[in-house]
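Both of the next two complexes hold chain A, though its partner changes from chain B to chain C.
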Partner chain A sequence: MNGYGGHILRVNLSNGTITKEPTPAEVVRGYLGGRGLGAYLLWTEVPQGADPLGPDNKLFISTGPLSGTLFPGAGKMDFATKSPLTGGYAGASMGGMLTAEIKYAGYDSIILEGISPKPVYLYIDDDTVELRHAEAYWGMGSFALEKKLKDELGEEFQIATIGPAGENLIKYACINHDFGRQAGRGGVGTVMGAKKLKAIAVRGSGGIPIANVAEFTRVAKEAYRACKEAEGFEAWTRYGTMIITSWCDENGALPTRNFQSGSFEQGPNIYAPVFRDKIVVTDKGCFGCPTPCGKYSYSKKHDIYVEGPEYETNGMLGSDLGIGDIEDIARANQLCDELGLDTISTGGAIAWAMECYEKGILDREQTGGLDLRFGNAEAVFPLIERIARRKGWLGNLLAEGVKRAAAEVGQGSEKWAVHVKGMEQSAYDTHDATSMLLAYMTTDVGAHHNRAWAITYDIAVGRDKVTPEKAAKVIELQHIRPLMDCLGCCRLQWVELGLSLDYYAPAMTALTGVEYSWDDLLHISERVWNLTRMIWVREVEGFGREWDAPPPRFVEEPAVGGVTDGKFTPPEAAQQMLDFYYQQRGWRKNGIPTRETLGRLGLAELVGA
Partner chain B sequence: MRLYADSARCSGCRACLVACSLHLFGENNPKKAALAIVSHFPTPGTFEVRVCTQCGDCAAACPVDAIHQNEKGAYYVEPEGCTLCMACVDACPEGVVFTRPDVDYVWECDLCGECVEVCGPGVLWIAD
Partner chain C sequence: MGVTLIPVGFLKEYTAGQDRLELAAGLTVAEMLEMVGIPPALVAVVMRDGELVSKDYQPQEGQTIKVIAIMGGG
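Showing the complex of A and B:
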């Protein structure tokens, strides 16, 4: 099948059975691949009510049709599962080299099911697929193991691992790859840990069949040229996502001290030029990326190598913890990577604990002796380790995420547990940005920015405006950006360098031989969006409008300092935005898609509406 | 003319390898390229790009005279003549004469320039 690996690999960890099934053409026609394929498989294969950490939950590792091809940014893949953090849909995107290698080995998706009786790793060398012993690797750090497996198997193998956090079932454990790339959010690494799967090693020798080689190569090369000639190319590739730190700081969007403020008095110490000059060793791109945002760094102060910090980590392990030393942020980043923790949720959890400590709700005995003031990096480093190992009362508490931690501690701490649906919010302050707040409220994994990023739009049209147009913008972004995750390519060429969206449908047509228009692709993306919504409806009892509630921090308390000083979004404004949004999506007032909407998207039969 | 590479600028993305394989074989398969990227991670965190310098050692080593120069001055292997004896592979000081089990001849850079076109950070260029 042109554009695809052609097979789905099914690995049952409980009994060791490994089977290879042809990728169903009608499914990829309807869901493309990557995130779309993952959501489809999650809906059809995981039984309702499955325990996220039990044998019935599955982990779907899916590439997209563009993955591994010449198209710019074709290095993305999707990890889908029922989230142990939120109890709903989890879909985490990862860059690096793995997606291409899986395609070259001939697979579009790897389905991991059951639970292995003993720690194992999955070895894939084209058609040779084996579960191999991994008892000796259990307990190892993510990159220590990646290096070991590369040394043992060969440099050509692409490796994904979990660290101790995944083994210890920290609810937001990540999957690591390529010495610095992660599938970070929603606990996909936790599910891998629950399955006792320590690593995946893949090598593929094949190519990817292309329907029209000459036309595909022409479109892809034109897109490459457009990226290289884009106005922002030089600055973007020099600084990567860190470039946005100063902009966020100036615009009240840089999370500071658990999102109490949107600007940080030590901000300039963690801006991109300081980062680049002080610690960056080399640019590090994902597969097929002409505009590499990845920066590989060395901190002399801590004598550690790390890929990053990228912007989200800079915000969540930096300003949000009151830390203004780029090398301390790099160290916290490296600890999270090696231990296998999502930097965003880790930062959110620690920031919540710091606020509890400063407000006198947690005392020094409860922190295990740590002086958990904002800005105290020396307390953050050991706390990260304690979270990953569930060590001590606080480490074990924070390992559950801020929603559960606040429910346990109470005393009003729910008010500053900054999450949506149980997922800690990523690094954009939303006191005064109604579109971005709506984006966080409605994103299908929880408070993550990757499905829609609308702060520049808020600023352009009026930050506190509450209009149907703002909801429409969020929906538009929620179709375009996640579409890239279905295609298996990166969105940043479009987002950051303005690569024309006109390249995508012709590339897909030339690659697959199936005629796609841009509208066809958007329609599929909308289908996937509604399917992930239905996963929430099916898996979370009583799911509805209250699951889209904004974090109280942004609707009850004003921001302190910076350009958004004194600003917050009144709760009724947030609810009005939600009304606009539901109406335009064709969802009922309770946030559940109508039968008509599901029918229009071709989902009625699948979801039994 | 030859292909040059500034390894310090390389971000390891491998677009060059895919463009190369599409040109040489009409296949989207970076393992069928005529240049190589070697990654040195986690330490010291560098990429090393290996390209053909057109030194001619391959042609000198070929016992069946299957390696000649094309109009750009690039040494190329004539598939019909190649016996897969590996003399050129062993002779190449850069390790950029390539083989794969599913190809019955060796191949090397023909100076087509496709890799240069897709390289974002400007690692590669062709000059005298």
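Showing the complex of A and C:
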């Protein structure tokens, strides 16, 4: 099948059986691959009500049709599962080199099911697929294990691992790869840990069948050239995502002290030029990337190497914790990576605890002796370790995420537990940005930015405006950006370099031999969006509008300081935005897709509407 | 010889599609943006010869300044 590996690899960890199945052509025609394929498999294979950490839940590791090809940014893959953090859909994308090896080995998806009786790792060398003992690796950090497996198996193997956080079932454990790339959000690493799967090592030597090699090569090379010649190329390559830190700070979007403010008085100490000059060693890119946004860094202060921090980590382990030293942020970043924790959720959980501490709700006995004031990096480092190991009362509490932690502690702390659907919000303050707030409220994994990011749009059209056009913009972005995750390529070439969207459909047509228009691709992306919505409807009892509620922090409390000082989004404005959104999506007032909408998208039969 | 201002991406919508503007030296970048009608808050990145500078920077004669908006976040 042109454009695809051609097979799905099924690995049952309970009984050790491994089977190869042909990739169904009609499924990839309807869902493309990557995120779309993962969502389809999650819907069809995981029984309703499955315990996210039990044997019935599955982890789907899916490449996209563009993954591993010449198309720029073709280094992306998707991890889908039922989230142990939120109880709903989890889909996390990851860059690096792994997706190409999986594709070259001939697989469009790896289905991990059951639970192994003992720790194992999955070895894939084309058709040779084995579960190998990993008792000796249990407890190892991510970087250490990746290095060890590369030493043992060979540098050409690409490795994904979990750290101790995944083993200890921290609800937001991540999957690590390529010494600094993560599938970060929603607890995909937690599910891997529950399955006692410590690592995946893959080498592939096959190719990707292409329907029209000459045309695909022409489109891919043209797109590549357009990226290299883009006016923003130099800036993005030099600074990566860190380049936006100063702008976020200026515009009240940089999360500060648990999102109490969007501006950080120590901000200039963590801006991109300081980062580049002080700690960056070299640039680091994913497979097929013309714009290496990854920055490999060395902190002399802590004597550690780390890929990063990138912007989200800078915000969530930096300003949101009141930390204004780029080397301290790099250290916290490195700890999270080695231990296998999502930096965004870790930052959100610690920021919530710091606010509790400063408000007298947590005392020093409860923090295990840590002086948990905002800005105290020396308390953050051991707390990260305690979370990853569920050590002490506070470490164990924060390991569950802010929603559960606040429910246990109470005393009003739910008001500053900054999450949507149980997922900690990523690094954009939304006191005064109604499109971005709506994006967070409706994103299909929880409060994450990668499905839609609209702060520049908010500023351009009026930050506090409440209009149908704003809801339409969020929906438009929620179709385009996740489409990239279905295709298996990075969105940054489009969103930041301005790569024309006109390249994608011709590339897919030449690659697969199936005639795709841009509208066809968007229609599929909308189908996937509604399917992930239906996963929530199926898995969460009573799911509805209240699950799209904004964090109280942004609709009940004004921001403090900076350009958004005193600003917040009135609750009725947030609800009005939600009304616009549901109406345009073809969802009922309770946030559930109508039968007509599901029918229009070809989902009615699948979901039994 | 003045200063060349290059708006990138959708910022050109504010300059009637012009992708290079020749301006007199003596203004800060922020003042130049105001003058040509680009809202300074939309500009996230100001580059001078490959280096980041702030919007308070005052370009010298003959320099080229590129201004970029952020459309995608981190």
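Simple rule for what comes next: the second predicted complex is superposed on the first by the 609 of 609 C-alpha atoms of A that agree within 3 Å, B and C clash if a C-alpha of one lies under 4 Å from a C-alpha of the other, contacts with A are read in each partner's own complex, and residues count from 1 in each chain.
Simple rule for what comes next: a contact is a pair of C-beta atoms (placed from the backbone, for glycine too) under 8 Å apart; a residue touches a chain by one contact, two chains touch by 3 or more.
None of the values given here were measured: they were computed from a predicted structure.
Once the two complexes are overlaid on the shared chain, A:N251 sits against chain C while remaining clear of chain B. Once the two complexes are laid over each other on the shared chain, residue contacts for A:R238 go to chain C alone; chain B is not touched.
When the two structures are aligned on the shared chain, A:C490 is found in touch with neither chain B nor chain C. Touch criterion met: A:H449 reaches chain C, while chain B stays clear of it.
Judged by the touch definition given at the top, the superposed model places A:Y311 against chain C, while chain B stays out of reach. In the superposed three-chain model, the partner touching more residues of chain A is B, compared with the other of chain B and chain C. Legend: residue contacts after superposition of the two complexes on their common chain; A:G294 is shown touching chain B, with no touch to chain C.
Using the contact criterion defined above for the overlaid structures, shared-chain residue A:P273 touches chain C, although it does not reach chain B. Of the two partner chains, neither chain B nor chain C is touched by A:L131.
For chain B in complex with chain A, the touching residues are 8-9, 11-15, 18-19, 21-22, 25-32, 38-39, 41-47, 100-102, 117-121. Of all residues in chain C, those touching chain A in their complex are 6, 8-9, 39, 41-45, 47, 50-52, 54, 66, 68-74. Residues 68-70, 72, 75, 97, 100, 104, 143, 146-147, 155-156, 178-179, 205-208, 210, 213, 217, 220-221, 224-225, 227-228, 233, 237, 281-292, 294, 296, 298, 305 of chain A are the ones touching chain B in the complex.
The touching residues of chain A, counted against chain C in their complex, run 231-232, 234-235, 238-239, 241, 243-244, 246-247, 250-251, 272-273, 310-312, 315, 426-428, 449-450, 453, 455-456, 459-460, 481, 491-492, 494-496, 498.
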